[in-house]
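There are structures below to look over.
Two complexes follow with subunit A in common, the first pairing it with subunit B and the second with subunit C.
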Partner chain A sequence: MNSRKYLVEKIVKIILLIFTIFIVFVLLSIFYGIFKKGLPALNWEIISQVPKGGYYFGKEGGILNAIVGSLYLAIGASLIALVISIPAAFFIHTYLFSYPKWQKRVRLWLDVLWGIPPIVYGAFAFNFMLFMGWPSSLLAAMITVALLISPVMIRSMDESLQHNSKGLFESALSLGFFKGEIGFKFLFKQSLPGITTAFLLALGKGLGDTASVLFTAGFTDYIPESITEPAATLPLAIFFQLSSPIPEVKERAYAAAIVLTIIILVISILSRVLSKRFSKNRIK
Partner chain B sequence: MSLENNTSLIDEEIIRKDESKGLHNLIYVKDLSLWHGKQQTLKNVELNIRDKGITVLLGPSGCGKTTLLKTFNRLTDLDPDIKTTGSIFFEDKDILTKNIDVYALRQKMGLLSQRPHPLPGTISDNIRYALKLKGIKSKVEQDDRIEYYIKKVALWDEVKDRLKYSANSLSIGQQQRLCLARGLAIEPRVILADEPTSALDPISSRKIEEQFQELSKEFAIVLVTHILRQAKRLADYTAFMYYGEVVEKGKPSDLFENPKTEIFKDYLQVGH
Partner chain C sequence: MNFSLRYYIEKLRKSWMIISLVIILSLPFLIGISLLFKSWPLLVSTPISEIIFSSNWMPTKGNFGLWPFIFSSIVVSLLGLLIMIPFTLASAIYITQFAPNWISKVLRTVIDILAGIPSVIFGLWGIIVIVPMVSEWATSANSANASGYSILAAGIVVAVTTLPFVLNMLIELFESVPRELKESTLAMGASHWQTIKDVILKKIRPGIIAAFTLGLSKAFGETIAVLMVVGNVVQIPDSIFAAGYPLPALLANNYGEMMSIPKYDSALMLSALMLLIIVILFNYFAHKVIRFYQSKM
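Here is the complex of A and B:
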């Protein structure tokens, strides 16, 4: 019954297509919504100035404090996460090499950690800060976000090392290298594309995450001058402006959303380009 | 792990016997058994590896040849489930004892694995890593030696214009020769080869085989293979393994002409 096969094939194709179109449509309509509402309010002033006195009532100023705050936070957090993640990922692939059971356990644990909602990290960090008597600050937020993104960073490097790492490891050992040396010399080169992707993913997450910075970063109208000062972040700036009853302020919230979306878009594209460039010496 | 590091026990008798026959042995495997968890993979292996020349470990897949090879450079350490008894004497030491410097040992036993595993980096980097391990710091000397070793494996003409390319850009056969060159650059005494041609096309395989014949004048080569014809072409000495045991061993001329056991007779028949 070949004609039936053709019919079913057609139906299946249409179903798959519908779902694909649906998700692309959602993405495009978000873009459309943000740009339609935000574009009129988006101008040089809003991205080049910090809020003036009456900013939140629709008067002069901009969201430079939040843009800079978010960038500081995301870069700082990603760097801290990198310092934690690289040794951890190498450990899984070198010293844990002989213990596959433990490799699996560590991976499961990291995946569980990644599943914990950011607000829980935020609350945990906030409690810790209260206990220690620390005020909200850029540093506290950096550490919180770093802890939040480390699991996925480790796992993404780990995935990039899965392929071929056994043979590479054994042949480097047979040359007389020791395990740690293999990690930092060869696995580093091998996972450079993975590290780049992981770093930029983390950067995006650091820019976009709201819940974990809600209590930890605080909010300020100024650009922080040290990591012990509180800092404004874009997601929180959007949140505060969106909850305002004044239409002009609401519009600016969408303008801020455009800025955030564009930054994250640029990072995503950059991560593709860089990871391709760094795969040059990777052994496939 | 094995008992004591008692060199006086080994086989001064055997050594004398061999030397009287004009043979020089480099590695003595004495009553080696190996368990992988509860499963015994090697059973009371007794084997001498000749100093120069090719010793072929022949046998069907899963007979323990590769495991035996990996005990020689202690790659078996990677699996915590592996336990061994017996000894392997190499340069007057039992290399299965704990107080052996495995890193130095591995540099004396260059391993060529089934599939080539170049290290991430350029073609010349791959040799340079090995040279740096040997403590050669001068860039000029490194470059000289890179050329020397790549020439030694007859790869120079193919790669001399693209030494700065990723090792990944080479064909599998070329990669295998690069790995051989890298292994030679650490100046080993023994070359352990684990079915080094099994992933290669016939022409690349022949090149590797020719290399081995040439290198066997300088090095002791232990070649693991399941290919009977390869064994016949290359072996100076052969050990036939079956289910973890060395069933027959000897010079190829005796061994292949007069198989003593049924298992080996069968293997020879099927192999033809």
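Here is the complex of A and C:
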């Protein structure tokens, strides 16, 4: 009897391990598939040039327009999101400090917001742009993506503030500081690691999001020179090139996918390293 | 003087904080109202039950039956959920209960990387790996659609895109179980697996269901990855090898031409509104359940 229950445990352990290994296998298969298909088409020309005449028929050129467009979009959107998210997160921890019930409600609603599909944001932004008579532009896409990532950003800053703000807040308040001052002067330093990781998380989301940008950013073969111009983005470049019937163009979609994957990986490694470094001077 | 300047700056700061929070929190209402406003012309001319349950989709003739899209969406997300459940549950248990420290760290990194991968890459992977595989299965099953672009392929891809999201929540849930509970069960002579099966899983069951509900609603809204592998044929799919056409794909594919046909934009915005309402309802209740567990930590 006794040995049987441990035998069952051993078998279960093996089954669980197999399922878990399968997930690792899926990740490897994603990398392997994309690199195998895309590496032959990946060269310096592709990442250093904008599309030239006949590019979409397999002639010369590259996807620099999409790489730069995506970076502009992601950085711009993340900065706008910061301007909205930092004060909002501080508000939860300063002015709402004595109203835990409201803190809870706000957090719940932010989590619900996080789940709204990007395509719905895209449809809404498209409506709004039609209503205002704006053409598709980099700025419109930035604002859309910023609204999309703000709930996550606020929540991740909020999480990082939750561990340490109480004593600090109370002692600063007793010294006569205003609540907003405490937020921007003291909590800001404490939440730096949170803000950094939130920023990088938003950057990754902004780079990878396709559905919300589909309606708002437009597409162009040129590198945008101002935020009122349309911009190409990497996910859209992948998406469009893939639907081409010409094999050379299709291959470039995979090459673009490698570029996107590498940028995303670099950001995720960066966020790990930075959050470790920043968390040194935090008051526990 | 000094005090009053400080006071005004504080006022300014406070209004900045309030305005930004209010913008974000009121966003779902703004989106809902704008989508409702846009879909109103269609809602006035056709009864809502007919729009939802009719399969007659002929935009040029003014027939907007959304049922094929709604049905595809439901089938794809349920299939994705079904595929995802064993993997997420098994690896959440393994990572939190059995795995040695370093393996658990490696696996968490894997999940983090998977969570960061954009959905267009998942879609590509679907085309490279999943679609040919499904195509083979379909051929050996003598299915009418042997291309591989099908409900099943979409289900598999959606399972992978939602997997890291759900897995992270499950891991958090398992870690929220009090240590004493586990230790006292072990002290009673139960094996580790018995403890997990009879005590821990029972304790957090509603939380697990909530996590899967969130996964389901995420799958429901997944756009690009699904669009790339589902085949996009307007029909009621009769098998898992048949092509489908989920709601988000409908939106993403047709936004360009929707202005040229009367009421077409209303129909598309109505589908966006339905996505919004379903996702908000699912998420609201799921998060309420999950909150309950977090508050007990």
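The working rule: the second predicted complex is superposed on the first by the 280 of 284 C-alpha atoms of A that agree within 3 Å, B and C clash if a C-alpha of one lies under 4 Å from a C-alpha of the other, contacts with A are read in each partner's own complex, and residues count from 1 in each chain.
As a working rule, a residue touches a chain if its C-beta (ideal position, glycine included) is under 8 Å from a C-beta of that chain, and two chains touch if they have at least 3 such contacts.
Because the structure is predicted, anything quoted here is derived from the model rather than measured.
By the touch criterion stated above, A:88 is placed in contact with subunit C alone, subunit B being left untouched.
Applying the stated contact rule after C-alpha superposition, one finds that A:167 touches subunit B and leaves subunit C untouched. Of the two partner chains placed around the shared chain by superposition, subunit B is the only one that A:186 touches, whereas subunit C remains out of contact. When the shared chain is aligned, subunit C comes close enough to touch A:112, but subunit B does not.
By the touch criterion stated above, A:104 is placed in contact with subunit C alone, subunit B being left untouched. Once the two structures are overlaid, the count of subunit A residues touched is higher for C than for its counterpart among subunit B and subunit C. Shared-chain residue A:178: touches subunit B and subunit C both. Within subunit A, the residues touching subunit B in one complex and subunit C in the other are 178.
Put simply, subunit A touches subunit C in their complex at residues 5-6, 8-9, 12-13, 15-17, 19-20, 22-24, 26-27, 29-30, 33-34, 37, 83-85, 87-88, 90-92, 94-95, 104, 106, 108-124, 126-128, 131, 147, 150-151, 154, 178-181, 183-184, 204, 207-211, 214-215, 235, 238-239, 242, 253-254, 257, 260-261, 264-265, 267-268. By the touch criterion stated above, subunit B contacts subunit A in their complex at residues 73, 75, 78-80, 103-104, 106-107, 109-111, 113, 115, 117-122, 129-130, 133, 166-168, 179, 182-183, 186, 192. Across the complex, subunit C meets subunit A through its residues 6-7, 9-10, 13-14, 16-18, 20-21, 23-25, 27-28, 30-31, 34-35, 38, 86-87, 90-91, 93-95, 98-99, 107, 110-114, 116-125, 127-129, 160, 163, 167, 191-194, 214, 217-218, 220-224, 228, 248, 251-252, 255, 268-269, 272, 275-276, 279-280, 282-284, 287-288, 291.
By the touch criterion given at the top, residues 97-99, 164, 167-168, 170-178, 185-186, 189-190, 280-284 of subunit A touch subunit B in their complex.
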